[in-house]
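Both of the next two complexes hold chain A, though its partner changes from chain B to chain C.
Presenting the complex of A and B:
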């Protein structure tokens, strides 16, 4: 029955976002990009894509960081067009997507303040999608309590902070814990919200969010080796959803090194393929495939699949994720070109 | 929100229980006081004027058809607009989906005109004839059949039209393929039209007892 009502709220936006999807860089275009010898060539090749209007006014020796910033501008412009044209249930869904970026911005600002960086530099580094009004005030906070009561209580993130308030002072480890707790709370909340939207949004988004949760679980496990984080605290950081919840998570909470992680994951069919030929943790350099890349490939696949159905909200999330992946790809190619590392240039995650 | 939801469901249950108990009470009262024959559905239906039946049928016919057409047009139309932002070429081509939806309303109009031609003033002092009752019933059910089939047809064409627009925007070659499915969808409204014509075909105009 969803088909009958869906277009009343989101028909136009779905058409627009599918148009954006068709603007993603395709395999032949990637091939052209990798053939480039200089950044100017690359810029010329990108002139046939959606990034053209954002890149055309850049002065000629373009750095990769400028390229990345302009590409992000293109993404943000498109997303904001969607937000401006959205009405109720879809606008809330789009807002939920931005909360993830807000969390990253909050953490970036707290970390920056801890290291006494300049506020303006920090604000420039924040992701534009995660910008909220009281954000600049974050730089004055010194304790978690301050942070919450002066700034975040008015932001949409207030609810996610409930579990972090026990942390006393802001140091490197605590910030990392706050970041993961926030992401965990956000992921669980977003998942519950998607489930409340009903089919087919619920099933499509649950696949994507479960993968995200699993990726967080694995990353938290691997990154916690060799830190002060106790095993109980580690278990608390795992999102309570995903294919690894709860069985694999309880086992991952007790492991001590990367090989044990690998041994556990290999018992689950959906992660067996992800791990094949992957060097976990310690990078040995060269053309090794990292676990992150494998998760990216899996994520791209899920996000592509969500375009196979019409009349659901998943396409908005998926398009954003695919576009982000595309920007990572373009920046990777640009890095390889500017650093003359042409042998690694094909290590991008192809989308279409 | 959960509180208000539970409150509304509670009041709805209360209302339903009240109506049901009143109905049971009234039924038992009639039955136990020896007046059970008053509970006569058939007699009630026969007391309704054949004009009432006929005009209800006509209004269902045109009303439901227009709802179906309008619904289909907005389902297809919003997707065409959205898709046309990036690929403007789909806009003109996909107007065919809008026309298919519009046709559904035209079916309803045609049938309403055909039905209403059967309504004539009854001047006989003896009232309605048996044939007039048949005309009233057949126009009612014929009109309902046409209206409902056109409503569903409009939805089907609207959804496939939206699919066609999105598919066309992605890949030009898909347009004709999806259009074929859409045509099959638009034909089901025609079935309702044919059945509506057959059902009312034997009905005479209103004349009264001659």
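Presenting the complex of A and C:
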């Protein structure tokens, strides 16, 4: 039944987003970008892409941070266009996408409040996609207690906060643990929401979100080695979904070093390839591929696959992820050019 | 430079004193020269080390900022979190002093007692490895900077000290020693002069004495030869004493 009405609600937006997808930088264009010698060359090459209008007014010695900011502006502009033209239930889906950024923004504000900084300055640092109407209100709070109640009242994240944290936790827990707890709650909620949307959105999004969940699980495991994060706390941060839930997660929660992680992951056919040739743990420079890179590749693959099907909302999420990856790639290339590290310039994750 | 010398009275006493001074100046000169050589050797070593360190520095800093780019690629901007979670210094530098032939060279060293990181959980969900790597690389870069700073300070201090020492060596060699030597030769020549004068005087006196003795001998002889005065020669007091006329 979905397919019958899909175009009535989402046909236009899907068309737009597929158009956006065609605007993504392609492999030959990447090749041109990597051939650039200076930032000006790069800018010239980018003039043929969707970023042109955002970069044309930048004065000539352009820093990579400016480039990154302008590209993000481009992404935000496109996403907001989608949001403005969306109706239920796509608008809700798009809102869900932004919650992840909101978590980061709120965490940023909490960090500022904890250290008694003027949080108004922080608003500029917030990711524009995670900006919600009442966010400036959070700046009014001067104590953590205030902030907690304000967050509960004013932000779309209220549910996650209520479920996972108390006001005391904000003071006591490490800010990173809070962030990961919230992300975990968000992922689970988003997953549940996607399931409620029915096929084919549910199956497509579940693939992508499971990968995201698995990535979080593996990353949290590896990154918590050698820190004072206890194993119980570690287990609590794992999202309760994904291919590795629950069996591998309970085992990952108990491991002590990278080799054990490897042993566990090798039982999963989809991650066997990811680990091959990857140097886990503290890598020592060089051109070795990191785990993150492999996950990026896989994520890109999943997101590309979601464009192969029609009549589902996954394309919006996928497009955003691909676009983000593209911005990372462009900034990476720019960094390599400006720092003259040409030998690593091809370490980006190509999309098309 | 025409015979600059100390303004001393040319006496034997002063000659001895000045000679002692010359000996002192020479000892000082050789000591200072040796110090300067030791310092210069040290200086060369430091210069070489600085060159190495600077060359390495470029590479390391490049690596460091590139590792930050890698972090940015994977996690995005983490600067604020890292800044806020830093509560106390994890990298401390202690200053100590090193003695190189009497010169105190400041040396900076990483305080090994400190360590640990407050933001070890940053990037827990993603990119933690890259952050730790960037941290390690930057720590190495800072260590390098400390080493370079230590070398540079030593370089500046040593440079100054070497200049001073060389100036002193040269001053002693080209000013003080010639002056003392001049003084000595001056005193010597004055003393010689005095000796000659004395000798001449003695000669003269001797001559006079001889003349006088000769005269006396001659007179004696004459007296001996002359008719003997029988001593009855009476003084005529009246003719001897002529009173002035007293006119009132």
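Here is the rule we use: the second predicted complex is superposed on the first by the 320 of 352 C-alpha atoms of A that agree within 3 Å, B and C clash if a C-alpha of one lies under 4 Å from a C-alpha of the other, contacts with A are read in each partner's own complex, and residues count from 1 in each chain.
Keep this in mind: a residue touches a chain if its C-beta (ideal position, glycine included) is under 8 Å from a C-beta of that chain, and two chains touch if they have at least 3 such contacts.
Keep in mind that this is a model prediction, so the values were computed, not measured.
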For this session: Judging by the criteria at the top, classify the pair chain B and chain C on chain A as clash or fit.
Result: fit
Exercise. Chain A residues in contact: does chain B have more, or chain C?
Worked result: C
For this session: Check whether A:3 is in contact with chain B, with chain C, with both or with neither, and answer first, second, both or neither.
Result: first
Exercise. A:59 contacts which: chain B (first), chain C (second), both, neither?
Worked result: neither
For this session: Kindly classify A:28 by the partners it touches after superposition: chain B alone (first), chain C alone (second), both, or neither?
Result: neither
For this session: May I ask you to decide whether A:177 touches chain B, chain C, both, or neither, giving the answer as first, second, both or neither?
Result: second
For this session: Answer with first, second, both or neither: which of chain B and chain C does A:310 touch in the superposed model?
Result: first
Exercise. With the two structures laid over each other on chain A, which partner does A:115 touch: chain B (first), chain C (second), both, or neither?
Worked result: second
Exercise. For the superposed model, what is the least distance in angstrom between any CA atom of chain B and any CA atom of chain C?
Worked result: 29
Problem set entry | Contacts on chain A seen with chain B and repeated with chain C across the two complexes | none
Problem set entry | In the complex with chain A, residue positions of chain C that touch it | 62-63, 65-67, 69, 72-74, 77, 80-81, 84-85, 120-130, 132-133, 136-137
For this session: Write out the stretch or stretches of chain A touching chain B in their complex.
Result: 3-4, 7-8, 11-23, 310
Exercise. Which chain A residues qualify as touching chain C in the complex?
Worked result: 64, 68, 108, 111-112, 114-115, 117, 122, 125, 174-177, 179-180, 183, 215-216, 219-220, 222-224, 226-229, 237, 281-283, 285, 290-292, 328, 331-332, 335-336, 339-341, 344
For this session: Name, in rising order, each residue of chain B that touches chain A in their complex.
Result: 71, 74-75, 77-87, 155, 159, 162-163, 165-166, 169-170
